[in-house]
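Before anything else, here is the set of structures, which you'll find just below.
Heads up, the next two complexes both have chain A, just with different partners, chain B and then chain C.
The block that comes next holds the complex of A and B.
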């Protein structure tokens, strides 16, 4: 990348079930908050990147009818959608728009309004994937009658995740208790984040496991309390070139960004895939992480990364992806978890915002990871601000059937120094 | 201003048709492979892959999920633009200009036979008001647009129908087109089935299956790999207001997009300086509106321009020598096909519909009801 770019403004709506507001108003709320945070007006924005998963909200190309509420008319708009990674891909699109030199200030928005489709929204979107997957597998000669794993295929990414959790537990030797600990940490942290959806102050692994409702196993090894909600919400960031970012108080500089795609995981589950034998391998995440760190000039991520925002709708993914992001040894992430290293005040805080486990508005989720990293660097994370000087933060997102990854590294100093 | 030049060094398109006897994956694999082969690159040389599909038109959420392998994105930088394919080229160009990538593969595909796109267009309407009333879809909205435009400027149905005669006739020479009608007459167009007055079967685009691909390269790589790179001279993109909130008798968004692209390419008089244009006209009357927005004629004179035959293949500025969107419309691929056709014209590889000496060609893509979002590319050969 030939020029420095930075995140100079962040805006989020309260995430949750938002029946008080429609999709357009929700997008506008996040967009205007981000503009206000960046101290810019809509006329200062040169281009817009936006995205959501349209099957989940029942609206096709929502940016076209809602555009007038966030100053889109007259501007170049790029709509990006890549499954769960959508928000992260949108953020990266905004970054490339500025990095190209064609635009100086870009607004990037991710949103989802699950409650707009038939309750619960995510189920409709997921069954849309599941059914299409079944036809795909049939067309490719996979006999779904004999494939136990197809049960996972019907649940799409959620279905894959239950299998993946088992594979990860087998690989790492972590126990269901560790998943309880991750989930409890997420709910606890979310209680400190005013924008989060599921908040449970002082939640502990025991109280979650013994809870009559949330403790129930839905699909082994996942309890109801381990599973992300289907939220409504939007988040936005303003990305600017160096000249503009220099005027900001403490911008979050973009130091590295990478995306990577692997083979679709359901084929692997059905033992028909060609490359993936273990869905907890996550080769694409390692590659993206290595590329992003190299671009950011980070040689030892364990020492240099101060906070990580990992996309973890299911608790084993926080452990698994923290390893794939090269923050811990393969299969060993549960040890620092036990020692409390990943708490807000720990050595390497992971998801101080509560993460996707507590708030999942698909299109907004991976965008929130970038936004939260920016907030930690800017020192604006309020109650869940980590108690240390944040120099580098890594934002992660996964999408598809856990086969797409985006990794963005933000820092307190620009990438290129003259 | 662009800090370096970006070139198209390879392209491919499918044989668009109503119901392709191929899976989506096979169709995409064919075009991606062919484009890379033409560019003289291996899969290992590609830095980033960008796909343009739309979940609704594909009939599945995360429409690109199974496309990772066929488009060669395996373990590569990958993303999807959920708009017309021309926007994916724009994104690929941004990545190359950022200096992070050198070679980008852009693939766009839609199988209209999966889901009726006119039904889906209802989901692109404002869900709280327009969708509930149940009167509008893309065809009825286009009919309103056509009437508003024709009434304001006194354009007749015949003038719009000439566009169909021109494009469907041109398509007869294009083996990739879906609706090819040699010797089609004005009467045939005007007596075709009426969908929503004045929109008829032959004045709207057909529902097609199809895919297209291009390979983009940075200046250094393009000179290394290709002896006939086609340069992106200018680009402009603009989203307009929603149909309720804008003037339907003109395409103001396209006008703004074209202005940016012309400025970047240094074009002052497009009608004189361009050698050909490939535009995405989903409806015949839209092509007349596009003429005006692109500055080929004055506002309201689109009918006069087509009457003068200036945009026929032997005219001063041939528009849609390939047959345009009226001859094949695989929704998200349509804009990319325009770019592919423009590239073919500049490289002199268009075969029977070649415009002799085409060296500077415009390509246009649109997304949304009544062409709400527009993107304009100016492509050119070596100066």
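The block that comes next holds the complex of A and C.
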């Protein structure tokens, strides 16, 4: 049985196109902000976990040459990369280390710097990731026209997401208008978050759909305005043992965590991952959610969860994963969306920070979900703070080709021991 | 000599030797492609859970057993999902530095209908393109059949795509 742990400090850089600083400086900014927030010095940190998804951003292995800037010398450093889940996996890695009793304080950092690459970024291209697979398809004599289908015309996770959106809409009966509503909500919320990338104050579903550029459908059923940006940014959290966390003003206690993988469902990767008949099924997310809730002692997530931060680079995923996180009935998440329940001041706010749809620095994205949940519990989310007492918050992340899921439940009180 | 002050970093044009990648394709593909020569789609059958994968696999993702059995499946199937590409104009997009229209991969203004097909008798999807249909005709549940090249050579391109069963 593990010991109680808490998030006691959160640091984020402004996310966006950051041509003003380099990757190492960006990592350092987030790391030092987190230390400052935790009221600890670098000497108080026992170990460091760091991650980005190399190949997605333009920078490879920045942790190799930026260690000095986040006080790594003399400490164990672990580096983690699991695709989109990277930040969530890094956070959970830090949690494992403190919960196990091996260390008392761990600094967990996630970062990505897309703008250092000339490639269109992880969202619209990823040809630099797909390249290796492309070669072997060519070696086996694939027709180039057909090979476009492997990536869904846009490539990688964005490709599988277009197919997934189509399957989800078919299963749930939701319309493109609902995707517009999710995207508009995300842009509106992001305008209240000073660290977010794409900010669009007072954005509505209509203004997004009718926009000459963002309203254009790039890969049916997704509009350009439905797709996340390729951001630069870093975020960090400090995880501490119960003894240290008790000294903090209002720590965000880790009450449950789980990770689960399913079969690969991406087409491009060696053309092998095609076995999941419905990519919108996402059973691994349901399993991870059930495990995390059980660990957290949450019996009725619909009543007990006060805010959810869902990893949703594409709008159907907010609906789909909110169902898989057991917050709404299967295929029915668009009904509470229509009724405004998921707005910042709604019954169950989802992504009050704007989420991944508005800010996607891959390695930082799933870390930000944990960080934002912690901020909501600590009451430090400023303009996008939900107007209620947050007792429990759930942070989600997906990665791989939507087949990895991490779920972390944070709360205002420590996990009960039994 | 004074240094020129630049706001941006300097971009250096160069050739990146992408040919230096030497990736190993899954050896199982050879079995699939041998079947293609006879216009047959061969899948792997897991004797543990009955799952049929196309392309075949060594290990079952559902029950983690090693898979040896093979089955020939139908080349008719059902569309499980689809997406549409944009109508591409010459010089609009580059794929790996090449213009798809210039290379003859796409016709000017053509929209590709990309589909995931569940061939009858399989539990997996095959990714390909939908031929002989208009974009507005594509739907989930559409019955389709494989369009084979006249003289298959044992390549992935032996299946040109799928077309609706009329």
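The working rule: the second predicted complex is superposed on the first by the 375 of 418 C-alpha atoms of A that agree within 3 Å, B and C clash if a C-alpha of one lies under 4 Å from a C-alpha of the other, contacts with A are read in each partner's own complex, and residues count from 1 in each chain.
By our rule, contacts are C-beta pairs under 8 Å (C-beta built on N, C-alpha and C of every residue); 3 or more make two chains touch, one makes a residue touch a chain.
Predicted, not measured: the structure shown is a model, and the values here were computed from it.
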**Study point:** Partner chain in contact with A:278 - chain B first, chain C second, else both or neither
**Key:** second
Check your understanding: For chain A, which side has the bigger count of touched residues, chain B or chain C?
Key -> B
Review point. First (chain B), second (chain C), both or neither: which does A:92 touch?
Key: first
Review point. So, does A:81 touch the first partner chain B, the second partner chain C, both, or neither?
Key: first
Review point. Counting only touches as set out at the top, which of chain B and chain C does A:101 meet: first, second, both, neither?
Key: first
**Study point:** First (chain B), second (chain C), both or neither touched by A:219
**Key:** second
Check your understanding: After lining up the shared chain so the two structures overlap, which partner does A:260 touch, if you call chain B first and chain C second: first, second, both or neither?
Key -> first
Exercise for review: Could you tell me which stretches of chain A are touched by chain B in one complex and by chain C in the other?
Suggested key: 131-133, 136, 139, 263-264, 274-275
Study note, to complete from the structure: As the complex stands, chain C meets chain A at residues 8, 18, 21, 23-26, 29, 33, 51, 53-55, 57, 61-62, 80-86, 95-96, 100, 103, 105-106, 112, 114-116, 118, 123-129, 135, 140, 153-161
Review point. In the complex formed with chain C, which residues of chain A make contact?
Key: 19, 127, 131-137, 139-146, 148-150, 152-153, 159, 162-164, 166-167, 170, 217-221, 263-264, 267, 270-272, 274-279
Practice item. Would you tell me which residues of chain B are touching chain A in their complex? Key: 1-3, 23, 49, 54-56, 59-62, 64-66, 68-69, 73-83, 87, 90-91, 93-95, 97-100, 120-121, 123-128, 130, 236-242, 245-246, 253, 256-257, 367-369, 372-373, 375
**Study point:** Residues on chain A engaged by chain B in the complex (per definition of touch)
**Key:** 1-2, 22-23, 48, 51, 53-56, 58-61, 63-68, 72-83, 89, 92-93, 96-97, 99-102, 116, 125-126, 128-129, 131-133, 136, 139, 156, 257-264, 274-275, 283-284, 287, 295, 399-401, 403-404
